[in-house]
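There are two complexes below, and they share subunit A, which is joined by subunit B in the first and by subunit C in the second.
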Partner chain A sequence: MSRVVRLGLFVVAGCGLATVLVIGFTGLPDFGGAHELVGSVTNLTEPTLRHATDVVTALNFDIRAFDTLGEEFILFVSVSGVALLLRHLRDEEEDVDTTPGIEEHRFSGASDGLKLVSLVLIPLILAFGAYLVFHGQLTPGGGFQGGVVLAAGPISILLAGRYLSMKRVAPGRLLEAADSLGAAAYAMVGLGGLIFAGIYLKNFLPLGFSGHLLSSGEMPLNSVAVGLEVSGAFLLTWTEFLDQTMIGPPSGSAGE
Partner chain B sequence: MSFLPYAVAAWLFVIGLWGVVSSRNLVRTVLSLTVVQSSTYLLLLGVGYRSKGQAPIVADIPTTSKLVDPVVQVLVLTDIVIEATVTALLLALVVQAHKRFKSVDPDDLRPLRD
Partner chain C sequence: MTVLQIIALVLVALGGAAVVLTPEPLRQTMVLGIYGIALTLLFMVFQAPDVALSEIVVTGIGLPLIILAALRKIRQQEDQHRARAGEREEAK
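== the complex of A and B ==
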């Protein structure tokens, strides 16, 4: 299909799209005038019935807990997909330390100051990520957000121009374990609901006091499980991509 | 100006779609797709906004305050996770395409040629 034909098709499809967009957007509620009943009810019930102060996380790990299970496994499967797609390019395997001919990546911009700052940043990033994970049901945050922040910690070693050191701090096996353990733990918490309350993912743990770290039943558990899975999954994805540029053979030469 | 967030969402959607269609570089195509997806965040958050409503975090405000709709915010969270996974998968495909065809121009991908 030539470029012109393709653009022509887009123009035709675009006209239809524009019509649908105009019809759809004229039917939207006025900005600021949303009165969805479900949202209002959730805002009222989650703090009182579940003792959670962050309604978004409460929705995520309580009312929509089953959806979150699916979401988590989407992440899990896509990481497996990325690993599967990129596997051909990594001829020399697993233990990069012992592979001959691989040099530590030297990031030309990594001055001593940048290295120092990125090392100082690591504990701060990890602390902030842990705070986000553990306070999911209390303040803005939760497993997904905290997990991504946690994953950013080891990445700052890369910023200091030490990719292989990053691989040593966060080896692939460990990341895979975190990824799978997190996903399994979330499913197990749901199983607890099935065993103790008769419904999968039902909130079966004591609700505790509103505002306490261990309140809202299973939400902190779910948050930690998701945080573990997300940090493992993101780091795995990043290392898969970084392996391509940092330690893979130059494309088209060695190893083929 | 109550239509402005929706207008920006529609603009992001259309401009991202144009980026996908007109792109000569697969990485640019993937990034254009993320622009399309970010329009959905704006649309969802716009739909759930209530004028002068506060964030649905009741840690330090009374539960009777006017709060924005939390349901769409959770949907945006899901949306972001999906975007991250889709982008990662597509970029992995781009890496493989570059390995096979030594080019990231969609027109150079042989199975797509006439």
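== the complex of A and C ==
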């Protein structure tokens, strides 16, 4: 396709998109003027009925807990797909540490300062991630947010230029276990609702005092389950991608 | 709309354009990371701290790491092809 034809297509499509957008946007309420009914109702009911102070988490784990179950398994299935595909491509021994002839391709650029900062950051990142997971129903954050922050901890070891050390801290089997156990645990908590309250994913545990660490019934459990799954899933994806490039037979290191 | 919100919106608009207009993939990844921080600021000033927390990790490390790994793999394969082509030349 020539440049002129492409430009012509873009102009036609762009004009169409602009028209649709203008029509769509003219009907919208003014900025900051939309106080929807659903938002007001959740803001009023969740803190009083469920003793949760973070309404976003309460929405995710209570009002639309079943949707969260679906999202949970979307992540699980996509990460499994990535792992399956990349392992097939790699066609190597899975246990890298003990395979002879495999060595680490180090970053040439990891300076002492970068290593030090990464080392200092690891405990801080992990502590913050754990805080987010455990305070899901109290402060902004929750299972997903805490999970991705937790996954960023081991990645700091990689930034210090030590990929195989990272793999020793977070081996593939452990990540797979965390990913699948977290996904299963969320479904199991929901099953508890079915057994004890008659409705799947119904909040069946005692609600406790608003603002306490163990409050809002099953939300802390859900948060921990999601945190476990998300941290495992993210680290597993990164590991699969990095395995492709960071390690390999010594002769193949032409790209260094 | 507060001043902070306007600043965040302008930063996101400029950042998005910068990501698209950066031609080289390696640089584009870095610009994308910075754009992610602008987006995080946007979510923060629009009172969505939950989204901001996810955003900062996903575009700060998550996405760049995968793109960088893919770019490195492509470069390794190109080098291998070139090395093989060089061997063939020498054999002739």
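Methods note: the second predicted complex is superposed on the first by the 231 of 256 C-alpha atoms of A that agree within 3 Å, B and C clash if a C-alpha of one lies under 4 Å from a C-alpha of the other, contacts with A are read in each partner's own complex, and residues count from 1 in each chain.
By our rule, a contact is a pair of C-beta atoms (placed from the backbone, for glycine too) under 8 Å apart; a residue touches a chain by one contact, two chains touch by 3 or more.
Bear in mind the structure is a predicted one, so any value in this text is a computation, not a measurement.
**Q** Both complexes share subunit A, so when I overlay them there, do subunit B and subunit C fit or clash?
**A** fit
**Q** Going by the contact rule set out at the top, does A:242 touch subunit B (first), subunit C (second), both, or neither?
**A** Only subunit C; A:242 stays clear of subunit B.
**Q** Looking at the overlay, what does A:32 touch: subunit B (first), subunit C (second), both, or neither?
**A** both
**Q** Comparing subunit B against subunit C, which has contacts with more of the residues in subunit A?
**A** B
**Q** Once the structures are superposed on A, label A:81 by its partner contacts, choosing first (subunit B), second (subunit C), both or neither.
**A** Only subunit B; A:81 stays clear of subunit C.
**Q** One more residue to check, A:48. First (subunit B), second (subunit C), both or neither?
**A** first
**Q** Just subunit B (first), just subunit C (second), both, or neither: which does A:132 touch?
**A** The second partner, subunit C, only.
**Q** Give one of first, second, both or neither to describe whether A:7 is in contact with subunit B, with subunit C, with both, or with none.
**A** first
**Q** Quick one: is A:140 in contact with subunit B, with subunit C, with both, or with neither? Answer first, second, both or neither.
**A** A:140: touches subunit B and subunit C.
**Q** Touch test for A:152: subunit B only (first), subunit C only (second), both, or neither?
**A** Touch status of A:152: second partner only.
**Q** Between subunit B and subunit C, what minimal C-alpha to C-alpha distance in angstrom results from the superposition?
**A** Comparing every C-alpha of subunit B with every C-alpha of subunit C, the smallest gap is 5 Å.
**Q** Can you list the residues of subunit A that touch subunit B in one structure and subunit C in the other?
**A** Of subunit A, residues 31-32, 54, 56, 140, 142, 144-145, 234, 237, 241, 244, 252 contact subunit B in one complex and subunit C in the other.
**Q** Mind pulling up the subunit A residues that touch subunit B in the complex?
**A** Contacts found on subunit A: 1-3, 6-7, 10, 14, 17, 21, 25, 28-36, 38-40, 42-44, 46-48, 53-56, 59-60, 64, 67, 71, 74-75, 78-79, 81-82, 85-86, 88-89, 138-140, 142, 144-145, 211, 234, 237, 240-241, 244, 251-252.
**Q** Per the contact definition, I'd like the list of subunit A residues that touch subunit C in the complex.
**A** So the residues of subunit A in touch with subunit C come to 31-32, 54, 56-57, 132, 140-142, 144-145, 148-149, 151-152, 155, 234, 237-238, 241-242, 244-246, 252, 254-255.
**Q** Provide the residue numbers of subunit C that touch subunit A in the complex, in ascending order.
**A** 1, 49-50, 53-54, 57-58, 60-62, 65-66, 69-70, 72-73, 75-76, 79-80, 83
**Q** In the complex, go through subunit B and note every residue touching subunit A.
**A** Contact set of subunit B toward subunit A: 2-6, 10, 13-14, 17, 21-22, 46-53, 55-59, 63, 67-74, 77-78, 80-82, 84-86, 88-89, 91-93, 95-96, 98-99, 102, 107, 112, 114.
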